[in-house]
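Okay, so chain A shows up in both of these, paired with chain B first and chain C after.
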Partner chain A sequence: MKILAVCGFGVGSSLILKMTITKALKELGLDAEVVNTDITDAKSYRADAIFTSPQFVSDLQGSAKATLYPIHKYSDKEEVKQQLKTLFNQN
Partner chain B sequence: MEAVDDYQAAITLAAKPLLEEGFIEAAYIEAMLDALEAYGSYIVLTDYFALPHARPSKAVKQTGLSLLLVREAVDVKTKPVHVFIVLAAKDDQAHIQVLGGLAEFLMEPQNIQDIIAASTRDGVYTLLKERWTLT
Partner chain C sequence: MNIFVDAIISFFRNPPFLLGLIAIVGLALQKKPLDKILKGGFLAAFGMFIITFGVGVLVGAILPLNILYQGIHGAGDAVPGLGEAAFTAQYGSIVGLAMLVGFVIHLLIARFTKVKTIFLTGHFLWWMPFIFVAVAVGGGITADWALVVWGGLFSALYWSFMPYLLRPFVREVIGDDSFTLGHPSGFLALLAGTIAKYVGNKENSTEDLKLPAGLSFFREVSITGSIAIFITFIVSGLALGGFNNDQGLITYSLMQGLQFGVGLIILLQGVRMLVNEIVPAFQGISEKLIPDAQPAFDAPLLFNYKPNALLIGFVVAMVVSTTLIIISNTFSIFGVLLIPLIITSFFECGTAAIIAEGQGGVRGAVIGTSVAAVAMVLVLGLSLTFYQATIQDWMLIFGGNDMSLWGIVTGFIANLLGGLF
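Now for the complex of A and B:
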């Protein structure tokens, strides 16, 4: 399982989101590889899932090669956990 | 700070210490504001907290952070924000450790509430020093 955390530049917010996902995975006892990148790279990147803002979800629809999961607050561990549960239940 | 006119003013003010200390050039502030317009308000990472930043560039001379606390919530594209931490990253690497500590700090919503409640600059500083672990 490979999860992509995406923001505009791939350096700040997506890194924070990656850390939130990593922490949430650990607390849920789940395992996945988490990588952060920018919105441009996200379009061609091969992954199982993309976690990003609702606006970027709209931008990526059609071009992304992974299932898109909107995250409203990148530091909200509970919101991330809910999306992880959905992701892992589908796979 | 009690109140500011809008989020553009808040981000400019929040970045002022970095500008005055020579960590960034004015172009970096423009880049942060442009990013917010182009990419939306995901820099509001949790309730009442925003991390304005842009891509590492020549406009960043040294990696650093600066903080602004505004008593009256600032509307960042419909999201209310009290705490702004400007991130200036010189490259893709130098800030990663700092953000690790910040990520942990932000996952605990009480931490932001406590910053908002802090009455003095020293109070904010002490709180950050105690709870923001630099790994």
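Now for the complex of A and C:
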């Protein structure tokens, strides 16, 4: 399972999302590879799921082959956990 | 023995090596596997190298403007001072040591006082000691140890207290205490937010507005930057008598404009790489030592909460500040040619707009950011003397924020102490 964390402003805020996802995975006892990138690189990246901000979901919809999971607050573990549960239940 | 120590110091004089080492130490302390440690070290070094490379491209893009202006108003072709590249080459190791000393002091403050904010905006862990050391050098402080202590102490105070002051304003934007803001928008955000609280109306949010789709084009700062610099070159070339080249003004201006955009893209790529390695390292260390720490994050973490406010803030700031800059340049108010503050208008004023919106809605955001934009130009102009001997070329592109404000304050102190150390 490969999860891509995507941000849009090029300064690495996707890192924070990646760290939240990693913590959330650990607490849920789930296993996945988490990578982070910027929106321009995201389109060419191969992943199973993409976690990103709601405003970028439409940008990535067509070009990315993975399922998209919007996250409003990159540092919110509970919100990320909810999306992770949805992701893993569907696989 | 002395040769050995000298060799080590000159090795770490280079920011990439230093940052690489810090990443390695941070990862090693967290007992990561060897391959991850080495990978982290390399990527951090690459990131820092790319950043300095990007800055070089940016400075190179606007340098002809400075030279043109100096040729008319000042002494010959020279831009005053060492310049960012030379300053980094000469003082890089001191900045690096100041960064380490500063972070230790910063952790001590968090551990033993109620100010438990931990600054995790990677690249500003480098830039804050960078500017503080530059100001000290400009003020006449020469002893290496004094520069390191100065840089470290002021950086630590800044890293601890600015994010701490911003907490209530950030809380209003994100709805909780999960993090605060660690970014040189600091005083601009406080200013805009405080004004917005009194003149704004929280009922009308910027996020309820339906902005024209075309406006999101501005979000690509590299494109907006290219266009703004292109226009600046054209206008300056026409007003001040043309540049020394055989390309024709339009072609030349377009090339410089594109170069500015390129420099910005390179810079941001480097920042991303550096942050990816340094932030987990620092966070790991601070998590072990300060259990109830509150992280201070980079400005873009707030952008997602109020994307409309960001855009409105950027446009308002560009309009207000560029008008002031044109006036300042026409009347030579600051004695130096100011260039449009694209980066600061986007990152710092954009953040100020978001903070202001949290306090006073659309009206608060617009009025607050306008005032912040004025403050931005003023503080940049006033700080230029303090950076004249060192990094004025860099400040013209990246200033107008806390780095300028605290440059002025510590600059006064440095001038008083200069010659003593």
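The definition used in the following text is that the second predicted complex is superposed on the first by the 88 of 91 C-alpha atoms of A that agree within 3 Å, B and C clash if a C-alpha of one lies under 4 Å from a C-alpha of the other, contacts with A are read in each partner's own complex, and residues count from 1 in each chain.
Note that in this section contacts are C-beta pairs under 8 Å (C-beta built on N, C-alpha and C of every residue); 3 or more make two chains touch, one makes a residue touch a chain.
Values in this document were obtained by computation on a predicted structure and should not be read as measured data.
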Contacts of A:C7 with chain B and chain C, given as first, second, both or neither: both
Which of chain B and chain C A:K23 touches, first, second, both or neither: first
First, second, both or neither for A:L15, with chain B first and chain C second: both
Which superposed partner A:I39 touches (first chain B, second chain C, both, neither): first
Touched partner set for A:K85, first chain B, second chain C, both or neither: neither
Chain B versus chain C as contact partner of A:K73, first or second or both or neither: both
Partner chain(s) touched by A:S53 [first = chain B, second = chain C, both, neither]: both
Shared chain A surface residues [contacts with chain B and with chain C]: 7-9, 11-13, 15-16, 19, 53, 55, 73-76
For the chain B and chain A complex, residues of the former touching the latter: 35, 38-40, 42-47, 49, 51, 53-56, 87, 89, 92, 95-96, 99-100, 102-104, 106-107
Chain A-facing residues of chain C, complex: 122, 174, 178-179, 219, 265, 268-269, 271-272, 275-276, 279-280, 283, 295, 297-301, 303-305, 307
Touching residues on chain A, where the partner in the complex is chain B: 7-9, 11-13, 15-16, 19-20, 23, 39, 52-53, 55-56, 73-77
Parts of chain A lying in touch with chain C, wherever the complex brings them together: 7-13, 15-16, 19, 36, 38, 53, 55, 72-76
